[in-house]
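Chain lettering (A, B and C) follows the sequence in which the chains are written, and residue indices restart at 1 in each chain.
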Amino acid sequence: MSQEIIDTVAQYLTPSIPIKLISQGAEAVVFSTAVHPYCPMRETASGNEPTQYIIKYRSPKKYRHPIIDKQLTKHRTLSESRLLAKLFLIEHLNVPKLIATDVYNGYIWLEFLGEDLPNNCGYSNLKNFLWMYANDPYNEQVKNTLFEVGKQIGLLHWNDYCHGDLTTSNIVLAKDDNGIDWVPYLIDFGLGSQSNMVEDKGVDLYVLERAIISTHSSFSGKYNQWLIDGFSSIYKAQGKTGAKKLEEVLKRFADVRMRGRKRTMVG
Amino acid sequence: MVNLNTIEPRNGRNYYIALGLEGSANKLGVGVIKHTRLPNTASGDNSHNCQVEILSNIRDTYVTPPGEGFLPRDTARHHRNWVVRIIKQALEKAKINDPTADIDVICFTRGPGMGAPLHSVAIAARTCSLMWEVPLVGVNHCVGHIEMGREITKAENHVVLYVSGGNTQVIAYSENRYRIFGETLDVAIGNCSDRFARTLKIPNAPSPGYNIEQLAKNCQHKESLIELPYTVKGMDLSMSGILAHIDSLAKDLFKGNKKNKILFDKETGEQKVTIEDLCHSLQENLFAMLVEITERAMAHVNASQVLIVGGVGSNTRLQEMMGQMCKDRADGRVHATDERFCIDNGVMIAQAGLLQYRMGDYVKDLSDTVVTQKFRTDEVYVSWRE
Amino acid sequence: MQLPQFPGTNIEILLYENVSNVDAIRSRVVELPYAFIDASAICSVEQIMSAIYRVMIEANYNRLRTKTLHSEILLALSPTSNIGEAFKRFGLKENTKNLFMIQITQDKTSNVDKTLVKGDIIEFKDESIERMSDIETIKKIYKIDQSLHLKNNTQLSRAVVDAIQLRGL
C-alpha cells in the first residue's frame, strides 16, 4: 500500500478527521473514521462507542492519461453513489447509507455497518460469521441468516440490479434494533449496475456459491440451498411472473456453473 | 508433488530436445530447445526454472500489402510453402543431424487460431513424427506464451496479461489451470489495431501494431486526448465500439469531412487532429482498460507481479503503463519479453510441449492431433505445476 | 461551528420560530449576507448540513453556480439545478413563520446580527425541526413517491440527503 495515497487522503481530510486504513482494492482504498463529515453533533450523541463512518477513495491512477483518469474517477464515484441512492428506495433491501459524495476528488462517505463478532471471530461479515459457527454449522441462526441473505439478493435481482462482486466479504451482518437477530446488508457496489440480464444475475449467484464453497466447503451444500431458498422466496411472492423469472435465473445459474465462470477463484 | 524427470531422455542422454512448430496465425515459427535434466525439477514447483537453452528460433511472417488483412487460405498456403524449409533451417541451426536419435518430442499448436493455417502446420508435425518416430504433443497456443514468459522472466506470484492479434485475456494460475479472469467480449486488442492500421493504410511490416505504436510516439499533442468509449465491464472489456468509433474518425479525416467538429475547427475549418493523435488516443484508451482489468485480477488473487505475453506485449507504452501500476501497488513489477519470444514463435510451443511431455503426457493416437480453432486456456490441465 | 474538513470556515445556523417580520427580510434578502430558508421544507439537521457540505465541496473543488455561498445553499438543497425553482421552494415565502438564518464566513468570530429576525430562537436539532416540517411538501419537492416505504423521518431524511448529494451530477 503506497504511503502516497494515505498522505493524499490525510491532507484532503485535514488532521481533524483521523482515519484508519481498512482495505485496498484495485478500484478504491477504504478507510474508517469516527468523525462525521458534516454533522459534528452526532459523534457524542448516543453514548458508549463512537459511531464509525466509511470513507471510500478512488485514487488517481498514474498509469493512465490524466484526462481518462479524471473522467473515470468522477463517473464511477457518481455511479456507485447513485446506485446506493436507488437501492435504498427498494423496500426491505438493506444497503449502507450514503452520507456524502465528492465526485471531483473521488470520495464517498458511507455509514459503517457491522461490528466485531464475539470470541475474536473478526468483523461481522458473512464469511467470518460462518466461521464462527464452524462447530455448530447447522444452527438455526445460521439457517435463518443465510435465508435472509438469499432474500436480499432476491430483492436486488427482482428489481433488476446486479452486484457484480458478490462474495461473502461483501455481505455484512448488523444486529437488528433489538440487538438479537442478524440483519444482512449488501455492500461495495463498485461493480454494481442496473441490469435485467439473466446472465449477470446467474453470475452473481455463481460467484457467491463459489465463495461459499471455497471457504466453507464441508457445509456448502446446505448453505447454498438456504441461500437459494431465501432468494426464491422473493420471486415466488410475485406470482406467476415471479415463478417464471425465477426459473430463468436459476436455469442460467446452472448453465454458468456448468460452464465454470472464468473468474472463479479461491478466496 | 511435481516430478518433471519421470520420462527418460532418448538414448540415455541427460537432456531433452524438443522441436516446436507454430502456425496459428500469420507467423510460421519453428524452434528447437534443450532442457537439461536437473535435480531441482524432480520435485516442487520448478517448471519455470528449466534453464532452457534455445538452439534455434526461426520465424517467417506472411506480410500482406497495406490495407489488407491476412486471409486463412492464403496464410495456410504461405505456411505450407515454407514449413519444410523453415524446419530444415531450424534443425541445421540447432545442429541436429539425426532427428530420430536427437529429438525427444515434436510439439505443435493445436489451437486456438485460424483453422487452415493450424491444419497445415499440424500435417507437417504429424509427418515429421511418423518419419522420425518421435512422439507428438499438441499445445495450447496461449499456454505456450505463458510458459515461455515464465521461463524467460522467472516471474512468480503473477497475473498474466495475454495480448495478441487473436486474444486478450487476464489469466491467473490456480489448482492446475490457467484460469481466465477477464477477457475481451468481442475483438482482440491486436485485431483492433490491425484493423485500424488497415483503415490508415499503413504498412503491415514488421507488424501493424508496431507501426501504430511509432505513430503514437510521434504524436505532438500528448497532453490532449480524443474521447473514445471506455468499455471495461467488471473484469472483461469490449473493444468493437472503440474500433468503430476511431475508424469513422479516421475515415472522416481522410475524406476531409469538415462537418466533423472533433477533427476540424468549427469556424476556420482547419484540421485539428492528426493520424498520430488518433493513434495516441487509441493506445492510451485501450491500454488503460487493459491495465485496469489486470489490476483487478491482481487484487483478487493477491498477486504482486504481471507477466505480459503475446505480440502486443512488446509495445513499450503498454509495458510502461503496466510498470507504473505495479509500482503503485505494493512493490510490484512487470515482466515482459522482447519480440523474439512475445511474438508467436516455435520455441514457446516447444517449451510448453516439452513440459507436458516430461509429465508423461503425449499423443498416443494420431486422431488426438486434430486442431481446433477454439481452445480455451482453462481447458488445459497443467500437470507440471503445483 | 465548523465542518471538520473545512476548519477555516465558520458556519452559524439560527432557527427561528414565530417570525413576525418576514416581509421586511424578504425585501432585503439579496443584500443581506445570510441564507434564509423556509423551515417547512426542511426535515432534519442532516438535510441542512449535507447541503452546506455540498456547497463547500463545490466551492473548493468545482465552482459555484450562484453568486454567493449563501445563495448556493438554497441551490444545494434543491433536487434540481434550476436556481429560480430552488429559491422558490426553499426561500422565504409570504406566509413563512419559521426559518433558518445561515451564515458562512471565513471570519474567526461570529458576527451574526441576531436582531434582524424578529422571532424566537430555538435549538437547532431534529426535534425542533420536525415540528415545523411540512412532510407532504418535502416529499413533493424531492419527488419521493407517496407510496414509498419511508416510514419515519429518519428514512425521509436519508432519501433527501441522497438527492442533495447527487444533484446535477
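In this text, a residue touches a chain if its C-beta (ideal position, glycine included) is under 8 Å from a C-beta of that chain, and two chains touch if they have at least 3 such contacts.
Here's who's who by UniProt: A = EKC/KEOPS complex subunit BUD32; B = N(6)-L-threonylcarbamoyladenine synthase; C = EKC/KEOPS complex subunit CGI121.
The structure displayed is predicted, hence computed values, not measured ones.
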Chain nearest the global centroid, as defined over all protein CA atoms shown: A
Chain whose average C-alpha position is farthest from chain C's own: B
Rounded Å distance between chain A and chain C, as computed from the means of their C-alpha atoms: 32
CA centroid of chain B to CA centroid of chain C, Å: 60
Cα-centroid distance, chain A relative to chain B, in whole angstrom: 37
Sites on chain A touched by chain C in the complex: 12-14, 16-17, 35-41, 78, 81-82, 84-85, 88-89, 91-92, 97-105
Chain A to chain B touching residues, read off their complex: 1-2, 24-27, 61-65, 67-68, 71-72, 164-165, 191, 260, 262-267
Touching residues (chain side chain B, partner chain A) in the complex: 172, 174-175, 179-183, 224-225, 230, 234-235, 284-285, 287-288, 291-292, 295-296, 298-302, 321-322, 324-325, 328-330, 378
Touching residues (chain side chain C, partner chain A) in the complex: 1-7, 45-46, 49-50, 52-54, 57, 61-62, 125, 145, 148-149, 158-159, 161-163, 165-166, 169
